[in-house]
């Protein structure tokens, strides 16, 4: 039984991992395509139809480039940086429920890698680890730009982590559980989506998620106009690739989280009224979930070409002076409203 | 839902897969890529200018301050998690208690702001 | 007027008052206050009934949880010493130079008087210990602040010695406190303890060391000569006239009743020490050039004899010790005063430099002669009766009584030798040229010396009054001891 | 609890007063707050004492008495600080606030009934002090002291925590009552070895905190390097509170196991006495002498824990009060003298008696109290400690303690010698040292209280 | 595989005890032997975290939540302590340009 269970999980992990990688790869293409669309140009279109093979070419190029480790760098840490970045990016998706259960005869397959009851804490913990990859890489490079970028990245991500945590607390007050599976399960249908009860929390969460992913307008750690390449200035070949990958995976996971926590995850309107079998509902649910994720990824890219980058002091001011008080206000508001509802209605 | 250590094993699997991917690619590029090294290539990049001094210099104390504040606030946030999950059971009394806690936190926060610990000039 | 506490309170109030008297009149204020205190003592003396044991008792609870009481009272043993204290303090104050000492000096003297009186009247070990310690602080300051020479080191040694002794005593007191059935610091409770023999041995040493250092008995005397010499005259008088009686008093009041078996065990050793001390100090005194140091050593010899009398455990010995304590106080204060007067006039205490002063200072010479006679113990002076009783007591000691008496008797001879040498070297012989202009003592000094001389003679002629005061108490004590040792 | 809440809020209020530049209001507000806190404690005196807040704290007479003592001493220290803090840093409000935070920790330590509160109290007390010790940012001695204090403090916390954890492992509770139940109801040989290991580790941790040898080595450096007033605070309030906590643990829980820890504590006490006194004897700096003497006093205070009985609490209270008053006076005098002469060597006290009789007298009384001379509070404290030891017949310890008392007298008298018998050197102008009014008041209060307790200690001893 | 899982679920208390004690001991040795202030601080953290782990283990063993609550307290105060400690270390570094504990010799013992 246990062996079968583990085998099943292994398969699931590999599938999800592959999907994650593919999405990350094609996000790069999407980014350029969307950029082109926004700026009224084509974007990459040579490799395959509409540049569909472009990500594969990029990937291949990463593999065949010379890897350079600067003489002054700390070799071990220099290599460890990107590996840690990719690991933390990849494992955070373990607790996300991709869908409900699939039943084949006797076997029931849960489309979630790990059903732990502290999923939110797990996510929170893994996100906090993300800063190590960047910090190690930046410090090990022994380059002023890298160090600067790494410090900025670290300080930015920890600043916004507080806002992130506080916004999640309001969500937890609504849901009453730390398990993401349960949180999603509670949002069945359409009116139960958490976004309706936590609009402010969602805005805070999104903002913080942008910052955690170092996405524009919060891409100060690698802003090319100031810091060349930021923390990965000295990186080349696949090590650079891993950093890139981890960023896009982070974006993917953040989108998944937003969709799962606030937009009902695999739930879609009228899902139980269509008279479909459970397996079909699950399959449609997975598709719905991924479309929500793609929508958020698009949103990420859309923002990139809409908002200009913040200055560092603006970034810090936003994080500490706006988001944290706002998040606390959100907690207070949520608490009072819920209790009034519970007491009087 | 009772959790057992066993529920965490899949996470280990995922960890193993991710680590395997990272390490494999690194080794792969190491084997595949060309190796034409010279001293110039191995110096750190400073926009083509001569490298001056060590990169690992003391940097602004503000970053450090942010880190310390993070450590403290993050711990306070951790305190709120168990409360938030069970917040309905605690009811109004629990709410007031947590508000007192947050009030104190907020007082500290305002103090920090007033002290200009978070102002970047 | 039998409120014994008022006797203690007055010096305290006086001391506080005097701190704030900054002018030259401080001496007179102090003298007046101490005379009042002496006056207050008289009623006690008149109403005292020697047969009635402890009288004028007063007791307040001090620290209830620890069973500490403030318990004072007078009996035949303490009354003579209270008299001595209250009698000598005004005299000592009168001898001082009012231009040299300010209010704080007299405050210290009177504060010390408080400590001394507490020691002599205390019937509770805690009160006793407190008195014992607080007598030490003022004398330390008196000696160190107004002393001469290497006073800091000397007085430190003095302080440390006595403090170490008293800490040992504190341990002994605490031990006895634990032993008493109800946990009490009362003297009666301590005296009523029937400790096992080995315990008594330990207790004996704990107490004996404290007293021996204060007295001082031979191996513990090293602090004494320098302290005496370097202290100001008044300080020396306080130290030798009253303070060392604290030790002897402690022996009689506390050590004998508490650890009779210890006394029985080590009495011989102590007696031997005393006797050696007598001979040793006398011989050294004989070789001194400094008059003050000479008297300091003579003091060791005298108190050696007194302690010997105490440890003889005979009525005569103890009675002798009692009366000799008073006598020694009077004599030694007189002698130190004389030396001080000489020094004030000539600026020197050196026997080799002085001489022939009698021709210039006849009044001083007469007083000095009588005092020396008293100290030597000629018949019809106070010293005679004391030394006679002490030697008789020594002679009567069980065991080596004869030897003690023989060697103790050497005091008389040796004492006569060095005292007369002192007198001769200062007053007689040729007057060196530089002392031609020396004047005789003034009328106030005459009065003081007069009182002392009168006392020397009166006690010498009529010692019975004093002896009767303490006799019943001593008898009682000895009975107790013999009962307990039997 | 009222007092603890008052003080916490007071500290925050002070921070904000500092923000809004109301510096002149700091001291009055602080003192008013302290008075209010004492009022709360006072009010609690006649209340029924039962463990409160889920058994976390217990405000019995023991806790209240020590709390009042701590607040009172802190008030004395703070009253001295008016000009002093301004001279060393611009963040005056933070000083007050940090000292008050530390005081809150001290009160928690006095009143804990659960290891959680003990731990929190100790930490709150210490963390605030780490900052205070290093408050002179440019001064290397201050830096060093802060670092050492921090490292040693955190290190000892580790031991304390491991001890707590092991005891928890053995009993399944942090509550003193339950631990007591466990120790009493379990036969000796069945008590878990974890528990004994826990006692051992807690003993180490607590000895670190109170500065008992051989865990004392941080004390002199830290006391020496800190600003004088902080040293005064550390050596009084912190020490008293730590001992209150120490005693509460041992008297409530450990008594039946005294066969196990008594020999250890006995050894620690003896080593502490000798190390403290002998080192104090050879110091040339007054401040360092006080530091070592504080180690020695810790040794004396251990006596009360060594022979726990019904009198132990009042013994520690009395000793703590006496020692604190004398220390405050000594450090305050050092501040004045150092301001004038510029060094904290013994020599700076030279001839003080001629310049300022009052100051010299005050210091003398303080020294006599520290030395344990009758009619001062120090004597009563020492007497009670000696009495405690005698009650359990550690006669050898008592004899050693007597030797130490004598050594102690040597170095305390040395101060007196410098005050009265040494003449002022040529290098210093002989202008009289001025004693500001607040110093005068504090001196007067401390000395009067020292003498009052010395003459009539009944009320103090009957408190507990 | 089954064996592995039962083992994972049923780790005896002694193992936690030995494990945590070892970590604690490593921490203590680290504090006593290392010269770099930062490493000493890390050793101290090691000590505290071994305590946390052990508390959690005991808490599970006794079925009593108090142990875990205590862990929270320890974490919070350890954070405060580290914050202050690091500030002190930086202050010292600015003045001495060294993190070696042996270079702190202004105050002699």
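Labels A, B, C, D and E are assigned to the chains in the order they are written; within every chain, residues are numbered from 1.
Just so it is clear, contacts are C-beta pairs under 8 Å (C-beta built on N, C-alpha and C of every residue); 3 or more make two chains touch, one makes a residue touch a chain.
The UniProt protein names, listed by chain, are A = NADH-quinone oxidoreductase subunit H; B = NADH-quinone oxidoreductase subunit A; C = NADH-quinone oxidoreductase subunit M; D = NADH-quinone oxidoreductase subunit N; E = NADH-quinone oxidoreductase subunit K.
From a predicted model like this one, the values you see are computed outputs, not experimental measurements.
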Inset, instruction - Using the contact definition stated above, find the chains touching both chain B and chain C. - result: D
Legend entry - Target chain C, source chain A, minimum contact steps: 3
Inset, instruction - Could you compare the number of C-beta pairs in contact for A-B with that for B-D and name the larger? - result: A-B
Legend entry - Closest chain to the centre of mass proxy, which here is the mean CA position: D
Legend entry - chain A-chain D separation of Cα centroids, rounded to whole Å: 54
Inset, instruction - Round to the nearest whole Å and give the separation of the Cα centres of chain D and chain E. - result: 28
Inset, instruction - Would you mind pulling out the distance in Å between where the CA atoms of chain A average out and where those of chain E do? - result: 32
Inset, instruction - Measure off the straight-line distance from the CA centroid of chain B to the CA centroid of chain E, and report it in whole Å. - result: 20
Legend entry - Where chain E touches two or more other chains, by residue: 5, 80, 87
Inset, instruction - At least two other chains touched by the same residue of chain A: list those residues. - result: 2, 6
Inset, instruction - Spell out the part of chain B that touches chain A in their complex, as residue ranges. - result: 1, 3, 6-11, 13-15, 17-19, 21-23, 25-26, 28-30, 32-37, 39, 41-47, 54-57, 59, 63, 66-67, 70, 73-74, 77-78, 80-81, 84-88, 91-92, 95, 98-99, 102, 105-106, 109, 113, 118-121
Legend entry - Residues of chain A touching chain B in the complex: 2, 6, 9-10, 12-14, 17, 21, 62-73, 79, 82-83, 86-87, 89-91, 93-95, 113-118, 120-122, 139, 141-148, 151, 154-155, 158-159, 161-162, 165-166, 169-170, 172-173, 176-179, 182, 228, 233-234, 237-239, 241-242, 312-313, 316-317, 320-321, 324-325, 328, 331-332, 335-336, 338-339, 342-343
Inset, instruction - Flag every residue of chain C that touches chain D in the complex, lowest number first. - result: 61-66, 126, 129-130, 133-134, 136-137, 141, 144-145, 151-152, 156, 159-160, 163-164, 167-168, 170-171, 174-175, 177-178
Legend entry - Complex interface listing, chain D residues touching chain E: 115-116, 119-120, 123-124, 127, 130-131, 134, 137-138, 140-141, 143-148, 150-151, 154-155, 157-158, 161-162, 164-165, 168-169, 172-174, 194, 217, 220-221, 224-225
Inset, instruction - Report the residues of chain E in contact with chain B in the complex, numbered from low to high. - result: 5, 8-9, 72, 75-76, 79-80, 82-83, 86-87, 90
